[in-house]
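Same chain, two partners: chain A is paired with chain B first, then with chain C.
Let's look at the complex of A and B:
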């Protein structure tokens, strides 16, 4: 999962130039992703991991670095497995970290 | 800031008489001598900024050397044209009405916008109205992600977060409006050998609240150094009609009424002005907040947003790149 997300960020926001992107680097502080980029990121996460990101979850604590995204997705997947209305089967392209 | 470190409660107060003299002198010199044009074309929207620019150009160049343009389209509020005519009447200036709706329809502006909205609101169609909005700056630290607000023909309102395709499609389509208006302004500029006046204030100019090669294009921008609240001070001094002074700032771009605050700035312009001033003059968030009854957290978020918008919109200010 970490490598998939990292690849997406590099391909979409760093034009394929890997450079020095660290997994903990803040997207906001480094200026890598703007608000349109967040929309693209959310679409990628929703379609790749079969989750639904709510408006309340659109905060830097969840999406501001590769590591934070991984933690967020894992938590979402864990939550969805514990609820009767499990949506994780919609698009199970990748479910393991 | 005052010497004792206390922030003045009057940071943006303008000497309107001196500033008017400075700006009108600059307009005269710029238009006649630097640009060597015979007058100025001003697109008048009925808003405060274009009204002030029209009044300043009239003072600087003479009323007979300005051409005002009203350029409504299908989604414009009828009030915009009424207010624009008030400016022309007050100045006794020549004006022209150019309805740009047929040009926009020909370019597919409305069709493309509606197709993009239907990506997230499939039932959107005839009789529906829309606008796009941002969350407020106090909205729990969320990213500034756009949503579309739709009103159905029976008056029911709904709000849906935009996907990237829908957002970019709506913005790209509606940008036809500003670019078409600028095309029309340059038609008159060519016809009359006039220069085109731009009407952004400092807040809009600094924060990139304009369409590149649309309302961002002009031969001169006489109020781009003034905070929005200073533009209001000038307006009152210059005698801009009261109805225009009282009208809340609007984008007048979407079929639903949309404030500049919900579309771009996320704060009322009075607070945005102060935050922009505070950030650029090294005033701490705490000092500014205490002086103007805001919270430190709000000011800090505004400071961050200002920096962020500057980065994102840097490209809008860039000239065409060439090889040295």
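Let's look at the complex of A and C:
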């Protein structure tokens, strides 16, 4: 996942300049991603990892470096794996397979 | 409106008339009605005429007093009738009814300060034989272009750079500092251009060439220092005064011996101008518009509404993606500088429509946004200033959400990202460029596509700092709003709006634009208004809207500002994209050396993939494409352009 995200950032924001990107580098501080570019990243994450990024989650704490994105995706995936299980456990007895 | 060119021999060689013919031939499209060449002693003047005033008697170059004074003049002096009457009263005799002759007599009467009396848009050169000096001048806002260069023993000038480049001795190379400025501000800082060794006379300046000396003197500047000088006048009195000024500015801009039309964008400014023109003319006028396929940028509903309200005879042209691609190369041939937006291309099509409809003159609303607080950059400045006074406030930055309602990439941002993009600190508030830094920083990110060698050559360059030397002495004391207005009207207006989107694409089809809002009386009035009357809270163009109540439909008067936009990068990737494939091939980019082939290739791949692209990506793509066209048309294919004709006249 880290490599996929790295590759996306390098291809789409650094346009091939791999050497410039550390996993902890802040996209905003280094100017790698400007604010009008952040939505491209969100769209990529949503289509690649099958997640939905809410407006509240659109914050630098989640998206401002390769490492932060990886943590964010893992947390989202973990949530989404738990959510159906929790839901199904609350379903009435007769609707369970 | 016309094209001008000239040579002053500083050594003792005679002027080469053949070369003058080549120079004016290169810009013949600016004045297809007539042409002339004049030479006398060390000077040669050339002219290509678009006949608008005194169709019979206005031939140029023109001379008076047994060749003591000779002129080549591009532009219009709108108050020429009043000046002419004044000069006749002083004993001057006229042989024509043209504004050109008035200019010569006014110079004879008042010397170089004559330009202070002019209400108009001009670029001209007067040869003063008695004093053996060439006097050149450019209008206050830079509506009309004027370029010059110096060679060994001679001085050359012209309306366009391509005329200078017909002389093989004039070098043709990219000025990287100019390119760096353009990829920061969308324009170069005068006198610099993107051509090395070729300069432009800054707006509001005159110039004297005498012996080996070139002296440039500013005669006018937009003084925004006061912004409080309307005494005890009420808002309604000021609105009334503004209306009267605009009415008169429009009235004198209808002076022509050919029909005058108007551009109608669907916004307030052009509708106001068209309405005032309709009122002054006393008859139905002709209007022209551009429409787009994309609903978010198309304004045809408002254009039709304005046209119906004003009862104009209206024509429009639909600009499709393929149209932008189709004319892009020719547009760059005319802009003579890279562009970071495709917006000049539809305006090129619009002037063609006006030309094909038989019109040589159109009125338009340029200048209103700069002078009356119309641009979103002013709203942005006000919000950031308000927030910057209490940066820790949780509520003040929420106003950032009110900015750029027409830009989805901004609207869908979270507040955290908006705060970062529109960053403020209390210290930054006192900086000279507070208003424009976020915008310039965003634009400057396009420079990541510069090649290693370009970046190395620009290692010492600092476009923003270079502006510091050009600021008025009292600038530091001006309110932030006034500083923002100055930066817009001093740099972007002449360097991009009036050139790449104005004169150059209009004159490509021999169409002259006239701008009532840029009448210096209107501008001076606006400059003295307090910011609160230009933007009341966040209501843009407040006083102007008050002034034109009842003149235009309320739906247009009160509509949210919709800036003129055209489809950008996407245009080049609809259907076949050979245009991009050819121009931005790695081989060509490498050969040109200005941009990085690998990064450029990655950018093209991103567009081809159909993925979302950012504002910066679009500016970069258009900037690289237009620079590559510029290199191709001006440098690689120098001297081969089929539109260059040779003018040989015995006048």
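Keep this in mind: the second predicted complex is superposed on the first by the 84 of 97 C-alpha atoms of A that agree within 3 Å, B and C clash if a C-alpha of one lies under 4 Å from a C-alpha of the other, contacts with A are read in each partner's own complex, and residues count from 1 in each chain.
Rule of thumb we're sticking to: a residue touches a chain if its C-beta (ideal position, glycine included) is under 8 Å from a C-beta of that chain, and two chains touch if they have at least 3 such contacts.
Note that the coordinates shown come from a computational prediction; the quantities given were computed from them, not determined experimentally.
**Student:** For the overlay on chain A, clash or fit between chain B and chain C?
**Tutor:** clash
**Student:** With both complexes overlaid on chain A, does A:60 touch chain B (first), chain C (second), both or neither?
**Tutor:** The answer is both, since A:60 touches chain B and chain C.
**Student:** Thinking of the overlay built on chain A, is A:30 touched by chain B (first), by chain C (second), by both, or by neither?
**Tutor:** A:30: touches no partner chain.
**Student:** Counting residues of chain A touched by each partner, does chain B or chain C come out ahead?
**Tutor:** In the superposed model, C touches more residues of chain A.
**Student:** Using the touch definition from the top, say if A:43 reaches chain B (first), chain C (second), both or neither.
**Tutor:** both
**Student:** One more residue to check, A:4. First (chain B), second (chain C), both or neither?
**Tutor:** Neither chain B nor chain C is touched by A:4.
**Student:** Based on the superposed arrangement, let me know which partner A:16 touches: chain B (first), chain C (second), both, or neither?
**Tutor:** The answer is second: A:16 touches chain C but not chain B.
**Student:** So which positions on chain A get touched by both chain B and chain C?
**Tutor:** Common interface on chain A, chain B vs chain C: 28, 31, 34-36, 38-40, 43, 55-56, 58-60.
**Student:** Any idea which chain A residues touch chain C in the complex?
**Tutor:** Chain A residues touching chain C: 11-12, 14-17, 28, 31, 34-40, 43-44, 55-56, 58-60.
**Student:** For the complex, give me every residue of chain C touching chain A.
**Tutor:** Interface residues on chain C, with respect to chain A: 407, 409-410, 412-414, 416-418, 420-421, 441-442, 445, 448-449, 596, 598-603, 605-606, 611-617.
**Student:** Under the touch definition given earlier, write down the residues of chain B that touch chain A in their complex.
**Tutor:** Contacts found on chain B: 135, 140-146, 161-164, 167-168, 308, 311-312.
**Student:** Would you mind writing out the residues of chain A in touch with chain B in their complex?
**Tutor:** Within the complex, chain A touches chain B at residues 28, 31, 34-36, 38-40, 42-43, 55-56, 58-60, 63.
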